[in-house]
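So, here come the structures, one by one.
What follows is chain A paired twice: with chain B in the first complex and chain C in the second.
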Partner chain A sequence: MEFIRKEKKKKGNWRNTLFFWCLIGPALLQFVVMYLFVNFNSLIMSVRAYDIESNTWYFYGFKNFESLFYDFSHLPELRYGIQNSFIAWSVSLVITLPLGLLFAYYIAKKFFGAGVFRVLLFLPQIISANILVIIFKYYADAFLPTVINDLFGTKLFGFLSQKDSQFPAILIFNIYIGFGTSVLMYTGAMNGISKSVLEAAELDGTNTLQEFILIVLPQIIGTVSVFVITGVTALFTNQLNLYSIYHKNADSHLYTVGYYMYREIQSASSYASYPKMAALGIMITLVVAPLIICMRRLSKKLNPLED
Partner chain B sequence: MATKMKKKGLYYQIVIGALLVVYALIMASLFYFTFVNSCKDPWGFIQDAVGLPEQWFFLENYETIILKLKMQANVKAPIYYIEDMFLGSLGYAMLSAGGIVIATTMVAYACVQFPNFKMSSVMYFLAMFVITVPIVGSLPSEMQVIRGLGFYNQLWSAFILKFTFGNIYFLLLYEAIKGIPKDYKEAAQVDGASQLRVMLQIMLPMVKNVIGSIFLIQFIAFWNDYSTPLIYMPSVPNISVGVMSFAFSTKGEIAYEPYKLAACLVVMLPILAVFIVFQKTLLGSISEGGIKG
Partner chain C sequence: MRTNKFFKVMAMVLACSSLASFAACRGGNESSSTGGDGDSSGSSLPKSELYVGAYDGGFGINWAETWAQKFETLHKNTEFEPGKKGVDVVVSRNPKFCLDGISMTLNDEIDEVCFIEQANYYNFINNSMVLDVSEWMTTPLEEYGETKSIHDKMSPMDQSYYGGNTTTPTYYGAPWYFCMPSINYDAKLFEDNGYYFKADGSFVADSSVENGVYTGEGKLSAGPDGEEGTFDDGLPATYDQFFEMCDEMVEDGVVPFIWGGSVQNNVNFLLSSLAADFEGVEQMKLNYTFDGTATTLVKAIENGIAKYEEATPITVQNGYEMKRQAGWYYGLKFIHRLITTEKEDGSPKYYNYDDCFSTSVSHRAAMQKFLRSNYTASMDSIAMLVDGSWFYNESSDVFDQMSSIAGANKKDRKIGVMPMPKALSEKVGTDTTVMQSWISSVFVRSGIDESKLDLARAFFRFIHTDECLSTYIEDCHNIRPFTHELTGVKESDLSMYGKAQYDLYKNAGVVNCYANNSVCKQFLSVIHGNVNSIVSINGRNESFNLITTAFNQGVSAEDYFKGMAKYMTADAWAPYTAGADV
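Right after this comes the complex of A and B.
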């Protein structure tokens, strides 16, 4: 009897193990090839070069990195790229994030028109970014200047065709379409705050702004930190929709690192330009990864409830 | 007291409400601008991009776009028309969203149901690692691997490329599956149900709302995505890629602004319809930390 029970248990264990591996096997294989191998290959590629004539790879040492360092100081696209990437990140941190929080609080408090504004703020996430960009291009170049000129008697030209106004216009567009998911998440987090806490604050005579800053913000700091950290991850991959606006022809003063990299890969006709881009990718990771780790530690300190 | 309560937040309402009204007005003017100008003839747009058209070309322009919008990756590549592009986008969005949802669900289920297996902890750690430690800029290497494996320019490869579990949805599904009482599973197993049957007929239907919401969010994101198809499968028909190349075209009988704006509205409509139908599910399901069941 004992023997039969053991046999049954063994059979059951074997079946469970097989089932378990069937569940994780395909995803694990994909992870090994498309994550581990891809990143390992990225390391290898960064120290190699490709000979177009003989279609062969050869060892190139750290010359790709040397060449990149040279480009950082001499190539305007990369110089502006780094500068603009940081500007875009700062703007999202200083303008988009606080505005998103203020909007979310307005919606969470169910003030006038909250439901409609919630849908409107989420709409840019539903519509394809490149569709919005096409509309925005004509809107900023043909519609807005005419309306402003008619109203205020100014002599403005297209915002995306004038060098001085191009970058600010692109930043404003990215702020405009950047609220959707974050506002929804913040609203969800705010709705999760205990009513008794808010009622107690009200009895203590706090006004709306005090309630927002002193009660609500500390309670949702975990959700906010997720978006701050995600923002750092996108620091050097954010294209600011430049590819949709200008295709491959953006002026160098508009470049971001993300646009530079995407454009180089997209325009590559052979493997020859890949190694340098792989080296750039590694350098980006080396900058961003420690930043993320520091920010996560900071976020844990600010929010002891976070696991 | 009531007046005091009413007054509370009045200034906040006025200031933030005004900002939101400005936001809404800009959105409304964007739609007004797009629709009105999509109904003009090219000369009408050049003359006046603000006012209503002197003569409406609604049917003519939209019919032209539906019949003549095409996509061609290069001179030798086949020409695809709007129905091919819609089908291509549908396939890409279904396969990609399906890949993510299936992989994430399978791994999350395995980790929850077999906590004693060492690999469960390993998979959980890997998911956390991918989510928290960013490795960016592996695009060149990824391209080389994709070309090497024969995935380049293949629509079906979207499923394999997106068959990933290292994403935020892993955590949501992990928590959702973990929250299902064990009694259901144990009762089914006493009745002789296999592991597969328990998973497909008992456990996963209980988290179908979470799975459905993740699929919907991902479907919309991939339908709108042009950068991945453009770089990994440039010759596969795709409406986002097609409209983008059309937007940059300067040659041809329809390479004018009113047609381009009409194309934008034509592309926007299906996804807006999906949004309107699933609006409550979608907006209601996204809450703190992501999605609730």
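Right after this comes the complex of A and C.
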């Protein structure tokens, strides 16, 4: 009897192990191939160069980094790139995030038109980015100027074609399309707050604003901090949809580091262009990784639910 | 239990439907088998099949279908493979045949003869994706009654790039199309409104020119080539004359120019055409070959005239010096004048700002406006379009829609290619030079079944016969970069646009935007179409990648030109030459 039970236990263990690996295996494999291997390859590539004549890679020392440092000191578009990357990140932190929280609260409380808001805010996630960009281009560069010109009799040119209005227009577009996922997640987290807590607060006489700030926000701060931290990871990779709007020809004052990198890779005529971009990737990691660690520590400190 | 069964059935259905979609994966390529008249041979043997794929970025595939039909007819009784008789050439559009990604996966494609654009020829070779076709290229096309080989028909620059810098070239492919950034003009509008110059410098009377023949008093001017009786007679010879013509258009209520606001880089490419025409073949090609002596590098600019440096040897190591070439400066002056000349009310004189700067106006929208404007009462006529040579064939749907209007269909529409006017009057009479500004190639993929090699060889060689090169012009309204006579096609069979390109290619010097050196092979996008400039505005350095934007923001042609050298310094250039050191 004891033997049979042990046998069953063994069988059960084997099945559990198999189940475990079935679940973990694909994710682990993906991590190894898509993260470890890719990043290791980037690291190696950043100190190598490619020669198309002999079709070989060779050691190039830190010259790719040197070349990048020169570009950063020499090219105005990279000066703008750093500046705009920080602006875009700040905007997402200061405008998109609070607005997203407010929208999510509005939807979670099922205020008037909450369903419509949910659809409108999530729409950019459903529609292809390219289609959205086309719609936006027509809206900002053709429809809106025409309407304003007709209404006020002024001569206004497209918002995406005028130097002064280009960057604000692009930021507004990115704020709008940035809501979808975050609003959905915040709403989900808000719906998870115990009803009894909210009822107790209501009995204590809190108004809507107090409920949002004192009860709801602290309860979902974990979700918010995830978005804040992942926002930092996108600091230098966010290209603000510039490539979809302007293809390779965005004006230099619109550049972000992400756009510069994406554009360079897209324009590459051979493998020879990749090492410099690999070096840029490494440099970005060196800047962003400490920032992420700091943000994570900060969010832990600020989280009232953390021990 | 019933629900369980229902789910099982549903799962089966869904699984089957996904299989069906896998089976249809190749569906992205719209293919057509021309069938030919091989069936008429009455043979019961199956036919050999050859798959031909082409990227349709504007040039379509009907030219390939014509070749396929002719080839099938020619070889209806040929046995290319044991047990097979005749040929079925299956032509398809392949959306993957553009850009470099395909250079790693070409052998996954079913297509065996591949027409690919905007992809680096040498990537295909290094990835072992393409067949060595040297013997096919260098053996005279005698089986088709010709004495020249494909190699013989190519320009020296193409021979060097595709075959290598050796006396015994090794070919893995051949150039596909010839495409230059150009000013395309509505010749009917020019004829109706008399926008041609007489020899005395005045305009001809309205409607006194028809199909290039002048019936009025005096004679047409000799045009930029300075020779009477050639294809450019009556067209503006200098920049000044060109803008005099534009002013005349504006007076008539005609808008001289249009280009798509979302493709302002077409104007960047136009700059290379202007520069090429100023410099001529030998000097312009130094921008790509980096091998020779530059004689027109600018030392200083005095009163709008460039003063030249001593002759400077150019190598891969100092290729950045070519950004100081005078042709760029004069081309910039032309474009500056075009962009910044204003009407009295301050609006641009030679174009409509909303069309040419709005990101919502695509190249297709600009083409449509250009083609329709002269036939639509509610629109201002537009005289010229800045775009590449693909424009005509890419506008096929517009021509189809306008086919009921006399003279407006694709075959009869009078659209010409403007030869570049000369920057300086003393340059009138110098040879016209044009730029091949895009790279495109035809390959046979290396994974082709060995039993099909004879068939692929026969087809590859067939499509490079004079007859096929000629039918290409008829079908595609474009040319392939090979020297040939019109064969099997009469001049009257060609559209004016196709004929204009044929004439230009035949009469002009040609510079390719690609050359056989490590910098060009590895960093083509840095070398060609890159006219970035750093200009100081209010004490702060600003960079520009679009000439139109810079000029629109008040930058002068001279500052832009000087800024090109500031952008591409020796230090910025050094990393590109790394491969040359190996």
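In this section, the second predicted complex is superposed on the first by the 265 of 307 C-alpha atoms of A that agree within 3 Å, B and C clash if a C-alpha of one lies under 4 Å from a C-alpha of the other, contacts with A are read in each partner's own complex, and residues count from 1 in each chain.
One rule holds for everything that comes next: a residue touches a chain if its C-beta (ideal position, glycine included) is under 8 Å from a C-beta of that chain, and two chains touch if they have at least 3 such contacts.
Fair warning: this is a prediction, and the values are worked out from it, not measured in the lab.
> Return fit or clash for chain B versus chain C, each positioned on chain A through the superposition.
clash
> By the touch definition at the top of the document, which applies to A:Q219: first (chain B), second (chain C), both, or neither?
A:Q219: touches no partner chain.
> After superposing on the shared chain, does chain C or chain B touch more chain A residues?
Greater contact footprint in residues on chain A: B.
> When the two structures are overlaid on chain A, which partner does A:S128 contact: first (chain B), second (chain C), both, or neither?
First partner only.
> For A:L184, using the defined touch cut-off, is the partner it touches chain B, chain C, both, or neither? Pick first, second, both or neither.
Touch status of A:L184: first partner only.
> According to the stated criteria, A:N55 is in contact with first (chain B), second (chain C), both, or neither; which is it?
A:N55: touches chain C, not chain B.
> Let me test your reading of the model: by the given contact rule, A:F157 touches which partner, first (chain B), second (chain C), both or neither?
Only chain C is touched by A:F157; chain B is not.
> Looking at A:Y138, would you say it contacts chain B, chain C, both, or neither? Reply first, second, both or neither.
In the superposed model, A:Y138 contacts both chain B and chain C.
> Chain B clashes with which stretch of chain C: 127-135, 307-315 or 361-369?
It is 361-369; the other listed stretches have no clashes.
> Need the overlap of the two footprints on chain A, from chain B and from chain C, as residue ranges.
Residues 137-138, 142, 247, 268, 271, 273 of chain A touch both chain B and chain C.
> Within the complex, which stretch of chain C touches chain A?
For chain C paired with chain A, touching residues are 100, 120, 122-123, 126, 261-262, 264-265, 353-354, 357-360, 518, 521-526, 534, 540-546, 549, 553, 567, 569, 571-572, 574-575, 578-579, 582.
> For the complex, give me every residue of chain A touching chain B.
Per the touch definition, chain A meets chain B at residues 15-17, 19-21, 23-24, 26-28, 30-31, 33-35, 37-39, 41-42, 45, 99, 102-103, 105-106, 109, 111-113, 116-123, 125-131, 134-139, 142-143, 146-147, 150, 176, 181, 184-185, 188-189, 191-192, 202, 207-209, 212, 220, 223, 226, 233, 236-237, 239, 243-244, 247, 261-262, 265-266, 268, 271, 273-275, 277-278, 280-285, 288-289, 292-293, 296.
> Could you please specify the touching residues of chain B with respect to chain A in the complex?
8-9, 11-13, 16-17, 19-21, 23-24, 26-27, 29-30, 33-34, 37, 45, 49-50, 103, 106-107, 109-110, 114, 117, 119-120, 123, 126, 130, 132-145, 149, 160-161, 163-166, 195-196, 220, 223-227, 230-231, 240, 243-244, 247-248, 257, 260-261, 264, 267-268, 271-272, 275, 279, 283, 286-290
> With touch defined as at the start, can you tell me which chain A residues reach chain C in the complex?
Checking each residue of chain A against chain C gives 49-56, 58, 60, 63-64, 67, 70-71, 74-77, 137-138, 141-142, 157-158, 160-161, 163, 245-249, 251-253, 267-273, 276.
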